[in-house]
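Listed below are the structures to be examined.
In the two complexes that follow, subunit A is the common piece, with subunit B as its partner first and subunit C second.
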Partner chain A sequence: MKNSEIEQRLRQEAKALLEQGKVDCIIGYETGSLKFTTTPLITRNKDDVERLIVSPFIVNNLSVYLTEIKGKVGIIAKGCDSRSIVNLIQDNKIAREDVVIMGIPCPGLIDLNKIELSLGKDRDELDNVTRDNDRVVITIDGKEKDFPITEVLFDNCLECEFPTPREYDVLLGEPCAPVKSEVSKKTSIKELEAMPRGERWNYWKEEFSRCIRCYACRNVCPACFCQRCFVEESEPQWVSPTPKWQDNLMFQVTRNIHVAGRCTDCGECERACPMNIPLRSLTKKMYDIVDEQFHYKAGTDKNASPLLTAYEAAEVEDFIR
Partner chain B sequence: MNQESERKPRILGFLCRWCSYAGADLAGTSRKKYPANIEVIRVPCSGRVDPLFVIKALRLGFDGVLVSGCHPGDCHYQTGNYRTRRRMAITKKFLEYVGVEPERIQASWVSASEGGKFAEVVTKITKELKEIEPNRLFDDEE
Partner chain C sequence: MSTSKKISKKDIGKILSQWSQEFTVLVPSKEGNVSKMARWDGKDTRFMDSHRNTVHPVKANFFPPMEEMFSFQKNKEGYHIEPAPPDEHKLLIFAIRPCDANALAILDMAFKDGYEDPYYLSRRKDTVLIGLGCTNPYDSCFCTSMGGSPSDSTNVDIMLTDIGNEFLIEEISEAGKELVAKTEDLQEAKKADEAKAKKVKETSYDKVTRKIDTRDIDKKLLACFENKDYWEKVSAKCISCGICTFLCPTCYCFDINDDSFKKRGARFRSWDSCAFPVYTRMPMENPRGEKWRRVRQKVCHKFEFFPMNFGSIACVGCGRCIRLCPVNWDITQTIESVPEIT
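On to the complex of A and B.
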């Protein structure tokens, strides 16, 4: 099904939900102020549903708003977003009946930065970017240019396991298959693991020297829902408020451990980072550790106990004396 | 200076009050010998230990951290130590990936009757930590 058809169905669905009073509010995407980009649309007005759009640029994980909005909510969710919603249900942050999930099977989102890099052009110079199965067609000055999706999708979309939502009330479009392509670049986990340990530490030290501790990574993360984050505590003060690399790294490592078993690899933290720190090389590693050690994949089963509150009597113990 | 270097490595121990802390106490009352490198914080349950405590200890310059609780099945609160086990497993793996030596993160089960085991654990950990570099991970160069 084409995006435009999905869009039409979505608008009908959203309008019906608001008119029938099944939800108080709709969370979706509308056209953003910069070319190609989209921005979240949160509305209680049924006339606004005409502004809802579906495109290969709907990057935001909207489930981050669920804990802040009161009342029943209709929300648009891609595969990873739906898993974040399931997490919130597992953690009792929201009730299943308070949310109507409009699922969108997501064949992967297009990374404009990758296109800009490979073309050497600014996104404003591109006329059109469209997805056609395994290709992405870019129009510049009337000429068309073809890219295989493996070159232009976000890294987390290339490694996505569940492109079709795991939990939904209505599914808009047909289920789609994962791209299943391995990402190999300088900052990928494999490359980092091949480094000697000391070098790896220095690598992260270097990366986190850039961090300005804006907490954008934390604020976009639907798994980071603490009312009061440990970095803001003053008695005791766990991390110094000045953005020293030591405290930056400590913050990020602890954040990753705190969201272990909740991170769905949606990639929002890395996209939100204004300093381009390869955060996904940390979050994906934690995702893999959790999977490897406990065979647990975040947000795949709403009836499962959250990873860190559950246990099995016989489990990894080789590191304990 | 000499005294200072003798105290290296410095280990921070989080001991559960029902088992490991009593075990450490027993090690003392039964005059078992173990290195004085460990500094102990008594916690109500090993499940009280947030991985943040472990990372903070490393940030403060401790060479190693020991989290010790009751044997599986013996937790005073039924399940606290099982949760610690999951948490410490991912913490250790993840810190290793970031570049922390695995020797710095230690865990053990020591019951209230295992004074000897506690002395043994501390001796072994101290020895292991002596073999690796002192913790300079979070040092400032300036």
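On to the complex of A and C.
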């Protein structure tokens, strides 16, 4: 099904939900103010649903808004987003009956940063970018350039396990298969693991020296729902608010552990980072550890106990009793 | 009037080397693929290939993300305090964009207001700004609506215009004139060069297509201050991160913290942001606990309060806040949608 057809169904669905009073608010995407960009549309007005769109640039994980919006919400969710919603249900942050999930099978999103790096041009200098199955066609100065999707999709999309939402009220479009490709980025986890310790330490030192502590990584993350983040605690002060690289690293490592078992590899932290810090190398490693050690995939079963916050009386480990 | 001069692009390395004798020369650089003004290494002139503004605003060179104010040590007599060594570099910033230079003029006012900030002002003192006109503004740029333009030379010492293989030089300030007078390897510009520069400026001006109308914006904002519905609507998608304020060339809020271990430590100041709830948190109350109040603060500070205090809007239209926002929150849309006074 084409995006334009999905869009039409989505608008009908969203309008009906608002008209019938099944939801108070719709969260979706609309055309952004910059080239190719989309932006979240949060509205209670049924006329606004005509602005809803679906494109290969619907990057935001909209579930981040669920904990702050009052009333029942109709939300558009890609595979990874739907898992984040399930997490929020598992953690009792939202009730299943308060959210109507309009699922969209997601064949992967286009990473404009990769295109910029590869062409040496900024996104507003490109004429057009279109997805055609396994290729992405970029028009620049009137000429077309072809890229295999493996070179221009987001890394997390290339490694996505569940592109089709598993939890939804209505699914718009046919289920799609995972891309399942190795990431091409220089900082793949394999390469980081192959580094000698000292070199890896220096690598992260350099990366975290750029961090300005804007907290965009935390604030776009639906799994980071703490009312009060540990970095803002002053007694005791776990991490200094001054952006020294050591404290930046501590912040990110602790955040990563806090979202273990909740991180769905939606990739938002890395995408939001204005300082180009490869945060997904940390979150994906944690994601893999959770999978290998606990056989747990975040947000795939709303009835499952949350990985690290549930406790059973028959727990075998002594330290927890 | 003497004839104007120009710099051949192939001589840039030579000329920067001359200037390096007297100044610490900063040029557009990349660190981890994030661009900023940083110390020139004395060789590399590939920054010339980039025709766009940096991610980090130039404010970061005078008001860095973090800086030590002083160190302290407790001994038998009490505390011994050692001020951080002053930054005595005389800076020359090469290829600063007009918007960032205009932003420095705004910061100068803020950091001199009532109290003279020694940290910012000591770095800023004697700085020479070599402006470079933009020939390819971003689609997020809106300087022409904020009293500037891609070729605005108001707040630089020397202005350069890219005319192909050369830069045409305009000497703007006394410091600029002095520097040009003692710089070797400059060439005499021809009438045709000046004509070319004029054309470049006109074309660049037209390339800035994002426009906003700021007439009476301070009055309109004052009138809609209590309009909660409006502010809730425009702030709905904001995620309250610090990108737009931290990377804004005119935002100047900071936090102060001590980092100490046992009997010694240091006091640091670092960027802070009104987007964070913790910014205004007090023991019993947070006057800006709700998101719409924080977004309102940001917009009103730039377009209402700053003009009230300093007679100038604290926005230069560089577009970083639009370009770098993870949810594409767009200040120009907000300003355009402020209700008319009824």
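Worth a mention:
We adopt the following convention: the second predicted complex is superposed on the first by the 305 of 321 C-alpha atoms of A that agree within 3 Å, B and C clash if a C-alpha of one lies under 4 Å from a C-alpha of the other, contacts with A are read in each partner's own complex, and residues count from 1 in each chain.
To be clear about the criterion, a residue touches a chain if its C-beta (ideal position, glycine included) is under 8 Å from a C-beta of that chain, and two chains touch if they have at least 3 such contacts.
These numbers were taken from a predicted model, which means no experiment stands behind them.
When both complexes are overlaid on chain A, the residue A:32 reaches subunit C alone and has no touch with subunit B. Of the two partner chains placed around the shared chain by superposition, subunit C is the only one that A:40 touches, whereas subunit B remains out of contact.
In the superposition on chain A, no contact is made by A:175 with either subunit B or subunit C.
Once the two complexes are overlaid on the shared chain, A:148 sits clear of subunit B and of subunit C alike.
With both structures placed on the common chain, the touch criterion links A:219 to subunit C but leaves subunit B unconnected. In the superposition on chain A, contact is made by A:271 with subunit C only, not with subunit B. Overlap of the subunit B and subunit C interfaces on subunit A: residues 244. The touching residues of subunit B, when paired with subunit A in their complex, are 51-52, 55-56, 59, 72-73, 79, 82-83, 85-102, 106-109, 121, 124, 137-138, 140. Those residues of subunit A whose C-beta lies close enough to touch subunit B in the complex are 192-193, 197-204, 230, 238, 244, 246-247, 249-250, 253-254, 256-258, 260, 282, 285-286, 289-290, 293-294, 307-313, 315-317, 319-321. The touching residues of subunit A, counted against subunit C in their complex, run 32-35, 37-42, 60, 64-65, 68, 117, 122, 124-125, 206-207, 210, 212-216, 218-220, 232, 240-244, 268, 271-272, 274-277.
Contact residues on subunit C toward subunit A in their complex (touch as defined above): 31-34, 52, 55, 65-66, 136, 138-140, 236-237, 239-243, 246-247, 255, 257, 259, 268, 270-271, 273, 276, 278, 291, 322-324, 326-330, 332-333.
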